Amino acid sequence: MPEAAATSSTIFGLSTQIIGIWVAALLTLAIYSFLYGDNPAYKLGEHIFVGVSVAYGAVILWYEGLVPLLINPLFRPHLVEDATGPKYSLIIPMVLGLLILSRFVPRYDWLSRWPIAFVMGLGAGLSIPRSVESYILRQMHGTMLPLLPPGANGGYDFLTGFGNLLLVVGVVCTLTYFYFSARHEGLLGRASRVGIWFLMVAFGAGFGNTVMARISLLIGRVQFLLYDWLPTIGIHLGGPGVG
Amino acid sequence: MWQKLAYFDRRIIFIFIFVAVLIPFLTTWDIPLGYTTPSTQSLYDTIEGLPPRTPIMLVFDYGPASMPELDPMAVALSRHIFSRDLRLVGVTLVVTGTQMCENAVAPVAAQMGKEDGTDWVNLGYKPGDIVLIDRMGQSIADAYPTDAQGRSTRQLPVMEGIRNYDDIGLIIDLASGTAPGSWIVFAHDPYKVKLAAGITAVMATDYYPFLQTGQLIGMLNGLKGAAEYEELINHRALGTLGMASQSVAHLLIILFVILGNIGYFAITRRR
Amino acid sequence: MRLQVPIAIGFLAGMFMIVQYFVPHPAFKTAYDALEEWVMIIGAFALVLGLQSLFQTHIDKIRRRREGYSYSFVTLISFAVMFLVGMIYGHRPGTLFDWLFDHVEVPLDATIFSLLAFFIASAAYRTFRARTPEATVLLVTAVIVMLGRVPIGELIHAKLPDLAEWIMVFPTVGAKRGILFGAALGGIATALRILLGIERSHLGGGR
């Protein structure tokens, strides 16, 4: 676990790793105090988190985004391999990027629309044809299934055939349920009701998986407290790598 | 009495859940893992089938919030990749991904004698999201002029012979959100590169349609997926260790649902 | 003018990408590469948006002395410390910035999110009632999946994991694909509306 990441330095005779584990453990307990009720310890943790995470994003965007993509090629070309000089074409995205700063000046904040429109427009243009292929055509192709697929020993695999039938009926009926351009009566009404049942199965499966995911998150924190924190006070419960 | 059964203080539930997760760790209960999901097996088989030194792109599209589910996958996959003498190229579309890659891969690499820059690299984060994915289809070194440590990507021995997705044997997207969809649309479908995903269980139902079409060749689903993978590579770690707690907590929640329903129906019948 | 220019910029950038997709002529390649490079750079400036929302919310709260405004100081100080540490010492492994991430941000983020474990248990208990046949289907499916996806399910019945997987592979894919078609068509329609300047919410209000 990262909280237990090995570091060798010490402060006041205590290793920074041990201090780190204690800081992490106390913050973990502060957040869990919320389960009893809202309180200052939880609020403190929550507000530290907001500040730290925004700063983290800003620092990473600077070092891994702006510096290698813009600052080095434009202002420090000697640091860029194979560069013969400053890459002046990057002045355009730099100006567009700087226009985003206009959001801090209410009178000129409309200028920030230019870079946003450029990014959104380009993204839309990139997505449209490819989404048709990946989400519509490939998925339609995947729905054209054999109802009597060949099984082992030259016979038919009836179980998969039945599953395929359910899948196709599920797609059609779910689509029918979401088709609002006609009244859900007669055949359309019946199909749409079947669609609801398929949706309930999908939501049930989704809920089961969600429970699993949420419990896993708690397991992760408990593992930190047991395997990383308790050993600092001399209690060892094994941990990863066993078996 | 029925009213109490149907609606008792939620803090009692909180205590029960915490204890249910905690207790199995304090015992020596070793629950057999048993069933392996087919999508886990197919990811394992795909990696087994790659020739030595083939580059695998491991994508860290998650942050600390989803670490408990996805970190065990990252660790198990790194272990498998290194044990097969394959190359590991870490990338991410999210700012926290750089650190996730470093924290998961570096210790495994050190333990297995794999060298940073020669056997693996953390290219880190670059902005652009879908544009970044698309750009790597043209040239990975153009999209990532430097790695996370600021070294020139073109100079790294691990990147030798890797121009774009044509030279990548497999992409595995470890994601807590909708990123696998972006990798399907902008990497797998246009460039025909093999793609698999490791996802939080919350997202699982969203990606089964893509497994069925073959747009994903394999998938690890939640902590159970990680545990299954640990079993396949024969190295039990955090995923497997969590399975007893996971089982007990699920049983407890089902018990709560049953109690809630008994209380509810008893009350409605009386009315 | 304030709206027409950005709409034109978006339209031209998007149309270029569409034309390039259908006519991947080498002549377009340089422009295509350049445009993508530009988007990545502009994307890095997006950090400004995060900062703007953080400062606006918390400075406003402090100015108006809103309830709990003292915690806004905590947020701003945390931001300043993390930001300065990153800019002064760098962000590489082993730095103070790295230490703060591992021992402050990681436990806070992971623990806040893990609170959901408690709340989903409580929500399941309070709201998961078999009131109607449809709700019963949902409940039964959830229980099968919850049991089938953990090792104990196999100890209860050897076929439970298979059944859970079957539910995921066939009926669930049916419903999910139906939803996917709807969502994809909706997404494509929205993208077209952005290109044509009909959808303008991303550009904010004003003239």
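When the chains are written out, they are named A, B and C in that same order, and each has its own residue count from 1.
By our rule, a residue touches a chain if its C-beta (ideal position, glycine included) is under 8 Å from a C-beta of that chain, and two chains touch if they have at least 3 such contacts.
Quick caveat: nothing in here was measured; it's all calculated off a predicted structure.
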item	value
Per Cα centroids, the chain farthest from chain B	C
Interface ranked first by C-beta contact pairs	A-C
Chain at the geometric heart of the assembly (C-alpha centres)	A
Computed distance of Cα centres, chain C from chain B, in Å	17
Chain A and chain C, separation of their C-alpha mean positions in angstrom	6
Separation of chain A from chain B, taking each centre as the mean of its C-alpha atoms, in whole Å	11
Two or more partner chains touched - positions in chain C	36-37, 39-41, 43-44, 46, 101-102, 105-110, 112-114, 117-118, 120-121, 124, 139, 143, 146, 149-150, 168-169, 172-173, 176-177, 180
Multi-chain contact sites of chain B, meaning residues that touch two or more partners	14, 17-18, 21, 64-68, 99, 103, 126-127, 131, 134, 148, 201, 204-205, 209, 212, 221-222, 224, 246, 249-250, 253
Residue list for chain A, restricted to those that touch at least two other chains	2, 5, 35, 56-57, 60-61, 63-65, 69, 122-123, 126-127, 130-131, 135, 139, 142, 167, 202, 205-206, 209-212, 215, 217-218, 220-221
Chain C - residues contacting chain B, complex	33, 36-37, 39-41, 43-44, 46, 92-93, 98, 101-102, 105-110, 112-114, 117-118, 120-122, 124-126, 128-130, 139, 143, 146-147, 149-155, 161-162, 165, 168-169, 172-173, 176-177, 180
Contact set on chain B toward chain A in their complex	11, 14, 17-18, 21-22, 25-26, 64-69, 71, 95-96, 98-99, 103, 107, 124-127, 130-131, 134, 145-146, 148, 150, 152, 154-155, 184-186, 189-190, 200-202, 204-205, 209, 212-215, 221-224, 236-238, 240-242, 245-246, 249-250, 253
Complex contacts: residues of chain A adjacent to chain B	1-2, 5-6, 35-36, 56-57, 60-61, 63-65, 68-69, 72-73, 80-81, 122-123, 126-127, 130-131, 133-135, 138-139, 141-142, 167, 202, 205-206, 209-213, 215-223, 226, 237, 239-243
Interfacial residue positions of chain C with respect to chain A in the complex	2-3, 5-7, 9-18, 21-22, 34-52, 54, 68, 71-72, 74-83, 86-87, 90-91, 94, 97, 99-121, 124, 134-135, 137-146, 149-150, 164, 166-185, 187-188, 191-192, 194-195, 202-204, 206-207
Contact set on chain A toward chain C in their complex	2-3, 5, 7, 16, 19-21, 23-25, 27-28, 31-32, 34-35, 43-66, 69-70, 89-90, 92-94, 96-98, 100-101, 103-104, 109-110, 113-132, 135-136, 139, 142-143, 163-164, 166-175, 177-178, 195-212, 214-215, 217-218, 220-221, 224
